[in-house]
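Presented sequentially are two complexes of chain A, the first with chain B as partner and the second with chain C.
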Partner chain A sequence: MEEKKPDATLDLRGVVCPINFVKTKLKLEEMNKGQILEIVIDPGEPMANVPRSIKEEGHRVIKVDKINDHFRLLIEKA
Partner chain B sequence: MLREDQIERYSRQVILPNVGGKGQEKLLSAKVLVIGAGGLGSPAGLYLVSAGIGKIGIVDSDKVELNNLQRQILHSTKNVGKPKVESGKERMREINPDVEVAPYNLRLTSENILDIVKDYDIIVDGSDNFPTRYLVNDACVLSKKPLSHGGIFRFDGQAMTIIPGKGPCYRCLFPEPPPPGAVPSCQEAGILGAVAGVIGVIQANEVLKFVLGIGEMLVGRLLVFNALDSSFRIVKVPKYKDCPICGENPTIKKLIDYEEFCQLKTQNKKNKNGG
Partner chain C sequence: MKDKKNREIKYDHNLEEQKRPKVEAELEKGKKEVFNLDQLKSGGYIRQRQKDLFTVRLRCPGGRVPFKKLKKIAEVAPKYSKKDYVHISVRQSIEIPYVHYNDFAQLAEDLKMVDQKIASCGPRVRVPTACSGCEYNPNGLVDVQKLCQEIDQKYFGIQCNHKFKISLSGCPIDCFRTNEMDLGFQGAVEPIWDEETCTGCRICGYACKEGAITNDPETGKPAIDRSKCLYCADCIRACPTSSWKEGRKGLIARVGGRHGRHPVNGSVIAELLPEEKMGSVIEKVIEWYNDRGKGRGRVRIGDILMEKWLDFVEFIKPVLGEYAVKNPKKPEFIKIHSFQSGWMPEERKFQE
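For the complex of A and B:
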């Protein structure tokens, strides 16, 4: 399946919890329903927390890729 | 748009569902007037300044006294003798320089209150005397400003939120001030500092909910706290149709200064004590 092109991108490498999620949340607030946000986060704690918090707010994590030492997530705004 | 340092400072509340960046923007553009920088106004003011309320007005005509510090946590020992509004502003600015603090070093009267109240979105009543409490209630009803009422007495506390036009006011509950001498003033009654803290923090919480537009306010519901058994009760308060200020046929159409009334009271007491 063709991957959707992200409407916005946030590089959150090196950004600790929960600021990485706060920044994701603030960016999603500015976007429209159905738009795609791409974020890059660190493994470990961020990867354990951020996707879960995004889902709790009702958004959809549509793709997760491991790129080198980091994770790339595509989020569809609810 | 939130600045980088604001994202960090407010992150724990921005993260909350129903707050977010938009809620934080609402807080940063809200204007709250705190009446009395004492036992209630201190904790209320501290939480409001920490939450990033845009502008906080503080009204008080007193100076900080050593006996205040047991409960008035906005002030510190080094500020004994300073006007409370100056001491309060200093502490608030230390906590959060984002917030504009407007000090009013004066006693509220029927002459000046409407002019002060009109610049604010919501009022916190942390006054310790009946003349001010009735004046603030009436001014808020007449100018249709939301008001958070709080009161403390020994080990008891109470809080109610008044939204003129929507729910009852303080006079719906107690139409007239008590007769002189019937109720000891706060100064004579004694108070446990933590009781003031509980009620003042509830008032701050009401303000934050009002600004954010979330939850259920204490409108038409009097929250009663007892510190000795750590109990909270909610007493339903209906709108009183014969309320002298917000009832069907209001008899109070302009503000009253109960000042003379109370001076008389102190006068009498002085005479008695003097005898």
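For the complex of A and C:
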């Protein structure tokens, strides 16, 4: 399956909870339904909370990659 | 302005009251009776230090007070209280302090207009407490408010040897301290994994706060150590592909706990107990308590449980069925006064 090309990107490395999620949420609000947002977050607390909050907002995490010590998430806006 | 409220109360009549334990009071309009102070306490009227003044405890199961009742309470309380506030008790009830016993009947009458009842104190099943549960709390797993109202309707006021407190928490964070209750119920959900839809993203491993889920270093697919799982459903909520799904949903039941001078940690006797079975468990636990407590006077169920634990486990087994915990540990004292020595709960004997 070919990976969808992101329409926007947020580098949230070093950004703590819940600011990382707030930034993600605000970015998604600017975007259109079906568009893809790429975010990079830290492991640990951000990884424990951000994907869950995205899901609770109704969006879909369509891909997760581990890149070195960080995680890259592709989110499809609902 | 000379305010008749907020007067300083100069005397502590607490000791004097011991010599004058009876008062003539009217609890219902037109029915004057002589009560001793314990009887009043049972009715939710709690004696204060101040002569003839009482705290009136209202019945607010689960701490949920509809606006209609709250408005009425706010309207009525200033009429009868000699102070200018209500007190929210640790068990979520609104208490109106500084009420003269001559005003009991009128106060009760006024509150009856919105169906607000007076609570209770003393040796009986107390008003149950609960968190908001799954209705709007994101962590909640079970509708404990609904269960709490059910308990209040069915079991409130049943006579026991001593106080009997029931509490409910919607999830394993257990804000309502079910381990400190004579009987407590806490929501729980068993996670089930579907391999086919799992993409191996590892989010579940990060979401799990208990270290119960580990993801394969190569594939990212999760393995769960059930012995570490608290049934909190964090993995289910976090999973982007919904590969973690809800399995059995139910209640963790704890019995024999209490707080106070020497708190006791209640024992888990059942896991993932279906909600429909809660009532029969309550009935059976109270039945055992009242039977084994016969002639024992004021003794909490936790104390009897520590004495007759195996008897209890056998007694309760048929009601719990497959949800019973195997070889449950009996309730144990928690030492909170670390500076105190010489008080050995293990060797404590009961006073008749």
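The rule we apply is simple: the second predicted complex is superposed on the first by the 78 of 78 C-alpha atoms of A that agree within 3 Å, B and C clash if a C-alpha of one lies under 4 Å from a C-alpha of the other, contacts with A are read in each partner's own complex, and residues count from 1 in each chain.
As a working rule, a residue touches a chain if its C-beta (ideal position, glycine included) is under 8 Å from a C-beta of that chain, and two chains touch if they have at least 3 such contacts.
On a predicted model such as this, the values are computed, not experimentally measured, just so you know.
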| item | value |
| --- | --- |
| First (chain B), second (chain C), both or neither touched by A:48 | second |
| Which of chain B and chain C A:64 touches, first, second, both or neither | second |
| Contacts of A:26 with chain B and chain C, given as first, second, both or neither | first |
| Which superposed partner A:18 touches (first chain B, second chain C, both, neither) | first |
| Contact breadth on chain A, by residue count: chain C or chain B | C |
| Shared contact residues on chain A - chain B and chain C | 56 |
| Chain A-facing residues of chain C, complex | 138, 199, 201-203, 206-207, 209, 234, 237-240 |
| Residue numbers on chain A that touch chain C, as the complex places them | 43-44, 47-49, 51-52, 54-56, 60-64, 66, 71 |
| Partner chain B, residues of chain A touching it in the complex | 18-19, 21-23, 25-26, 29-30, 53, 56-57 |
| Partner chain A, residues of chain B touching it in the complex | 2, 7-8, 11-12, 14-15, 17, 20-22 |
